[in-house]
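In the two complexes that follow, chain A is the common piece, with chain B as its partner first and chain C second.
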Partner chain A sequence: MFYRRSGIRHTRYQSERQLFPLGFDRFLILSVLAVLLAAPFLFDRLYVTGYLLPWLIWSSAALGLNLLMGGAGQVHLGYGAVMAMGAYGSVHLMRFGAPLELAMIAGGLISASVGIIFGAAALRVKGIYLAMATLAMQSIVDFVISQTPAISGGALATLQAPPARFLGISLSGERETYYFALLVCAVITLFMLNVRRTSFGRALAAIREKDYAAEILGISTLRYKLMAFWVSSFIGGVVGSVLAICYLRAVSPDQFHLDLSIQILAMVIVGGLGSVLGPFFGAALVLFAPILINNALGSAFSTFGMTVPIDLRAHLPLVAYGALVIGFLLYEPYGLAKIYSNVRTYLLVWPFRHAQR
Partner chain B sequence: MSSTEAPVLSCEGVELSFGGLKALKGITFSVQPGEILGLVGPNGSGKTTTVNVSTGFYRPNAGRVRLFGEDITGIKPDRIARRGVARTFQNLALFKGMSVLDNILIGRHIHMRPSALGTLFYWWWAQREELAQRRVVEDVIEFMQLQDIRDEPVEVIPLGLQKRVELARALVSEPKLLILDEPMAGMNQEEKEYIARFILDAREERGVTILIIEHHMDVVTAICDRAIVLCNGEIIAQGEPRAAIAEPAVIKAYLGERAARRVGMGDAA
Partner chain C sequence: MSMQAISWATAPDGAPATLVAALHRNAAQFGTRIAFRERKFGIWQQQTWAEVLEEILALAAGFESHGLTAGAVMTLIGDNRPRLYYSMLAANMLRAIPSPAYPDIPLEELIAATKHGAPLLAIAEDQEQVDKLLELREATGRPEVIAFDDDRGLRGYEGQSPGGQGLVSLDSVSEAGRKRLAEEPELRARLLSVARPEDIAILLHSSGTTGVPKGIPLSHGNAARGVLNAAASGYFRQHDELFAYLPIAWVGDFAFIISAGVMMAGVINIPERQETVLPDLRAAAPTFYLAAPRAWDQMLTRIQVGMQESTPLKRKLFDFFMPRAVELEKKRLAGGSPTFSERVVDWFGDKIIRAPLRDWIGLARCDRAYTGGEALGEDTFIFFRALGIKLKQFYGQTETCALTAAQQEGHVKLHTVGRPMQGVEVKLSDEGEILVRSPSVFSGYFDDPESSAKSLTGGWLHTGDAGRIEDDGELVVLGRVSEIVHTAKGERYIPNFIENRLKFSPFIRNVAVMGAGRDMLTAIICIDFDAVGHWAEERAISYTSYADLSQKPQVHALIGTVVEHVNSIQPEGLRIRRFVNLHKDFDADDGEITRTRKLRRNVIETNYAVLIDALYAGDQECTYRAVIAYENGEKGEIVRRLVISEAKP
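For the complex of A and B:
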C-alpha cells in the first residue's frame, strides 16, 4: 500500500539492480537527506552540534565496523583502537602541515595497515578467540599510544587538532564541520549500500556464511578476510580523524579506550548486523537513550515528589539502558533495522496479510 | 603424457589417514574428458574424502592428484576452482540470507575483478561488469528453470530447488570438471528425474566432464558412463555401471557375505 510495488516493471537489469527500486523508499531517503541538509538552518545549533554531529560520526564508525562484523562475519573488539590510530595519525600529520584531505586518507591508511596485522589473527582463530585477539589489539594500541610521548605527548597529555580546511573551506565554524561530517558519512553509506550488489560484497558474505563453499568457488578466504579488515580499518581510521578534527578537536588517549569499542559494537548489534540502516538506528539509541532515560526519570522523580539518593539517581538510567539492550537482543536479535524491515514488509502488502518476505 | 588426451582428473595412489583411521588406501583412477563417472560405495567408504582430496580440502599423505595432467596435489581449493573445477556439497552449502540470484552470481566470482574501490565507485567501475555477468547468470537460470524463484531468499525454497540452485551456482562458473556430491539425496522421484536431466544436458550443451557421487543405483546406471565402487578406502570394482555394481565384491560390501554367495550361485535374479 504505502510502498507501492504495482506497476514497477524492470526491463533492464540496471533498473532492477538500482539501490532503491521502490519509489517510496527513494522518497523516504531523499526526505531524510533533505532534513539533514537543512538541519543547521532548521534546528537550534545546540541540537546540530550536540546531537546530529556525533550521531553522524558514530554512525559512520558503526558502518565501518558493520562491514567487518555483519558483512564478513569477523568479530572485532578493538575498533576504538583502530579509530585512535587514524585520529592520532591525522592530527600529527596536520600539525606537520599536511592538508586535511591528505591527513584523513593517511590516517585511514595507518589504521588499515596496522589493522590488517591483527586481521591476520582472523586467519587462524575464529569467533570468541578472534574477539580475544582483537581485544588484545585494543590494549596494545592503548598502551603504545599513551606510553609513547612522541605520539600522545605524554600519558595525560591532550593534543590539539590544528585548524583544518577541506577543499579550501575552513572547518572552524559549526555548520561547515557538520556538512563535512555529513559528506563523509554519505560517502561511507553509499559504499556500504553498493557492497550489497557487487562481487566484493558477495565474496565477503560467502566467507561469512560458509567459508569452505566460498573456497571452491574461487574465493580465497585468506585474501578476503584480510581485505575485510583492511577496508573496515581504513573506514575506522578516516572516521577517527573526522572525530578528532571535527568533534573532539583535541585528542587524548582515554577517548579511544575499550569504552568506545564496546559502544560502537553495541551500535552495530542493537542496530542490526549486516544492515546499512542498522548503524544509524543503533548509534541513535546508544548515544541518546541514556540521555532520554535520564531526563524521563528525572522528571518522573520530581513530579511524584520522590527523594532518590544521588548515586541511585546516577545509576538508574544505566540500568534502564542495559535492560533496553538486553530486551532488544532477546526479542529482536537482528536489531532495530529488522523491526523497521518488519514494519515495511507489513505495509508492503497492507491491507492484505501475507507478505512474501 | 600428451596434453590433448590427458584425463581431466586423475588420482594416483592417493592415501589419506585421519589419526589411526586409514580413510583412503591408495586410490588410483581417472576421469576421462566428456564422461560422467559415478562414484559409489557404502557409507564411510571414502567417496567424499576422495572428492575432498581432489578439490584441495585435504592434502593426501601419499600419492598425486592431477588435473589435465598438471600436478595439483596440495593446492588450495580456490586455486583449483580457478583451474576449472566446480563442485556441490553433500549437505547443501548455499549462502543463507542471500537471494537465489546472488547465490548464483557468487559462482561467477572467478570471472570477475572484485575490489573495494570498484564498489565505492559502482556506477563507473563495477556496474558494467556486474551487468555483463548477470547475462551469463540469467542463461544458467533459464537452463536450470529457476526464473520464477530468482529473487527468493535461498533458505525459504524447498530442498529440491535448493539443490538445483547449488548445481546452477557450480555450472555458472563454466567449469571443465563438475563434481557432484550426492545431488539427489533426500529427493523424490520427480525431483531426481529433473536433476538427472540437468546433468545430462549440462554435459551435452556445456561440455562439462562430471564426477558424481550417488547412492541411487537406478540413477547411476541410467546416466553414468562408468562407475567406480569404493569400500573402506579401496576401489573394489570399476567399469560399466551395471557390471560394476553386480560384482560379488560389491554385493558383499553392500549386503554381506551370504547375499554375495546367493548371487554367485544364481539364486537371486
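For the complex of A and C:
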C-alpha cells in the first residue's frame, strides 16, 4: 500500500543490488534512525539509559551471535563467556592506560582468539554436540575468570571500569554513552547487512544448509567455520567491552554467566535466525516483555482489587512471558522478523494477493 | 547554444524540418540527455543523443557501402530494438525508405509486404528473422544483403552456401561506417544534410482488413509537422518518457514513439522482450503512454482477475472504492461536480486503492494516456479514468500519421474522439464520410496512383469512416462506412460496437457478431482461456484444452449471462439470440484477424459458413470440420462438435 515501485530502473548492476531499492523501506529506516538520534532530546533520561541503551547493546550482541547461528548454522551456548572475555580484556587494558578505541579492538581480538579455539570443535561435532562443546566453553571461561584473581580480582570482586574517552569525547555523560552505543550498533548492523552479499556471507550460507555439500562445491568448511567463529566472537568481544564500559561500568564474573548466553540466544531465535532485523525485535521482546507484563499484571491486580499470593505475583509474569515466546514461535517459527516480512509483503503486493507478473 | 550550432534544415518557424535535422538538433542541444534506454541483460542501458547520432551516422555510412541509395526501400523485421530504429533513421540520412514489417508475419504476407520498391537490403532482429528473410530470398531472389542485430545462433550461417551470402552483422556495418567517416571528412556533413522534408521517412502498410495491403509512405514533413501540431495541442511535451513496445510496423510506433521522441527530444524506453513488457513498463514509468483498446482491456482483465483472488480485506476495499470512483467519473464526464462527502471518499480511495494500482501498472507518472485504432469499450474507458489515469481517445489513420483528432482534458465525452488538432481541418462529405486535410496527410499510396487519386479526391483525405461533427466541434466516429450493415428488418447497426460491448467481459477474448441481411443477430464467441480457465479451476471444473473448456455446459451458461447482460442494453431488434463458443481463438495466422487484431469478417464468414448456417437453422449443435495449418505448412483436418446456445433476449 505504501510501497511504490514504478519508475525504479537500474542502469547498473550495482544499483540493482543496493540494500534498499524501495523508497518506502528507506523512509522507514531513516525515520527510525532519526528518532534514535533525537531520542536523548525527545525522551526522559530514564527511558534512554534504562531502555534504549541496553536495547542497542543487547541487539548488537544478538547480531553477532546471529552471524554464527543464522548465518553459518553453528549453535553457540557460550556467547556470554565470549562477551566476558572482551569485557575483562578491555577493562584491564584500560586500567593499564590503553585508550578505549584500542582496548575495544583488543577485547574483540581476545574473544576472537579464544572463541576460535572452541570453534574448532565445530569442525568435528555438530548440532547438539556443538551446543555441549560451547556450553563447556561457558563453564570453563566462567571458572577461569572467577578463580584467577589476576583477572577478576577475586571470586566476589567487582572491577571498576576507568573513565573512558572515545575519539576525544568523554563517555562519562549519559548522552555520550548512548551515542557511542548507537554508533557501535550501527556499524555492526551495516556489517551484517552487507556480509550477506559477500562471498564470505554466501559461503556461510552454503555451510549452514549442508556443510559437506558446501565442501563439495569447493568451499573450505575448515576455513569458513573458523572464520565464522572468529568474526562472531570478535563482535561479541567488542560488544562485551561496550557493555562493560558504557552500561555496567563495573564488571564482576556473575554478569556473564549462562543466563546472559541464554538470553541472547533467545533474542536470536525469537527475533528470527539469519535476519538482521530479527535481533532488534528479539532484544526488545526479551528485555522489555517481562517488565511490561509485570507492570500490566500489577496494575490489573490492583485495579480489580485482587490479593494475589506473593509467589504467584512473582512468577505469573514469567509464565506469561514464556507463553508469549512460545506463542510467537508457534505462530511463526521463523521469528518476529518473519512476521514483519509477512506484513511488508502484504503491503508490497497491495491490492493483490501475490506479486503478479 | 550558440547560433552557429543551427546547421540543420529548419522549417520557417525554426523547428527541424526532417527527422534527421531533429536528430542533429538533439545531438547539438541535448547531447548529454538520454535518448534511448533499452533493458538488456536485466539493466537499462542508456545512450545519449550525441552517442545515438554517431551510431546512426556510422550505420548510414555502412549502409551506403552496401548499396543503399536514395529512393531505395529497406525492409526491417523484428521487435523494438534500438538498432532497428537507428537503422531506419540511418536510411533516412541516405534518403532511402525504411519499411518495417510485423515480426510474426508469415512468408506469404512478407512477400506481399516487400513487393514495393523491391528492397535489396533488409535488417533482421535476430536468427529467427534472418531465417524468414532467407526464405523470402529463396522465393523472390531478394534481399541481397541481410544485416542482423543479434548474432545469437547465427555463427554457422556466415560463409554457408547458399544462405550465408550477403549476411552481415550490424556491428560490422557500423564499424565499416565509422572507418569511412574517419577517412572521408565531408561524409558526415553530407549525411546530415541531404534529407528533404518531402522525402519518405517510412513506408508502412495498411492492415488489409479487406484484401492486399497497400503501401503508405509518410514523409519527414508529415511526421515533423504532425508531431509539432499535436504538441501545440498539448499532446506531446518536450523530453517525454516514452515506452516503445508497439509493433514497429504500426503507424502508432512511428508517429508516437520515434517521430515524437526525435522531434521532442524524449527518452525512448525499450523493453527487454515482448514477455517482459509489463514489468518493464513498471520500471520505465512513461509520462506518455499509448495502447490499443485490446491492451487496455487486457490490463483491466488482469486487474479484475487479480482482485477476484485477492485477500478478503483488499477485495472489500476495492469493491467499496472502485465502483464509487467509477460513478464519480461518470458524474464528472456528465459535467457534474462532486459533493463534499464524495470528495472525501475519493481522496481515501485514491490513497488506498487507486494509487497502488496505478503504480502497479506503471502509469503513476503518466499524465497523457491514449487509446486509438478502434473503439474502446465505454466501461474500460471509464474504469481507467476513474483509476486516475487520464485516458483519452485519439483518432487518426496511417495516412495521417495517426494524428488527426484527440480528446482534450476537460472536454472528454464518451461518444466523441475529440477535436481536430491544431493545423488539421476536418469536414464531412455529403455521404457523411470524414474528410481530413492537414500537413500530416500523406501524398498518395506507394506505386498506386489509382487508389491515391480515389482517396485524395479534391485534396482531402477520404478516411472511409462515417462520422459527424457536433456543435462544439467534437468529432464523432460512427464506424467504417463499409461496415454499417442492416438486418433483414432494416435495423441499422455496426457489429464492432456490439462486439466491443461483449469483449468488455473478461471472459470473452474475441467475438464476431453476424446478422447482416438476416432476421436476427448471432455471435461466434472465443473465450478468454486465462480468465475462463481460472474461473473453471475455482469451481473445480476439469478441462484439458481450449476446445474442451469452451464446450463445457457451465462455460456456456457463463457466456450466456454475459450475452444477456449486453442484450439488456441493446435495442429490441439488435439482441443476440443464439451464440456458439468456438473451439479456438481467432488467429492472425489463419487470417481471421489482422495483426492489429481487427476482425476480417469475410474470412470468418467463409471459414465458418457451416457454423453460421447452423446458427440460423436453429440446430442445437454443429459438427465443424476445422482445417488447421501446421507450422511446417501442411494442412490437416479435425472434426469438432460445437454446442449452440440460446440467449435469453
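Operating definition for what follows: the second predicted complex is superposed on the first by the 354 of 357 C-alpha atoms of A that agree within 3 Å, B and C clash if a C-alpha of one lies under 4 Å from a C-alpha of the other, contacts with A are read in each partner's own complex, and residues count from 1 in each chain.
Everything below uses one rule, namely that contacts are C-beta pairs under 8 Å (C-beta built on N, C-alpha and C of every residue); 3 or more make two chains touch, one makes a residue touch a chain.
Predicted, not measured: the structure shown is a model, and the values here were computed from it.
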item: Partner chain(s) touched by A:352 [first = chain B, second = chain C, both, neither]; value: second
item: Partner chain(s) touched by A:13 [first = chain B, second = chain C, both, neither]; value: both
item: Contacts of A:217 with chain B and chain C, given as first, second, both or neither; value: first
item: Chain B versus chain C as contact partner of A:200, first or second or both or neither; value: first
item: Winner by number of chain A residues touched, once chain B and chain C are compared; value: B
item: Partner chain in contact with A:4 - chain B first, chain C second, else both or neither; value: second
item: Overlap of the chain B and chain C footprints on chain A, listed as residue numbers; value: 13, 356-357
item: Residues on chain C engaged by chain A in the complex (per definition of touch); value: 37, 39, 42-46, 278-279, 282-285, 302, 306-307, 309-311, 314, 317-318, 352-353, 356-365
item: Complex interface listing, chain A residues touching chain C; value: 1, 3-13, 16, 346, 350-353, 356-357
item: Contacting residues of chain A [partner chain B, same complex]; value: 13-14, 17, 187, 190-191, 194-195, 197-203, 205-206, 209-210, 212-221, 227, 230-231, 274, 356-357
item: Touching residues (chain side chain B, partner chain A) in the complex; value: 55-57, 76-78, 80-82, 85-87, 89, 93-98, 102, 105-110, 112-116, 118-120, 122, 126-127, 129-131, 133-135, 152-153, 156, 169, 173
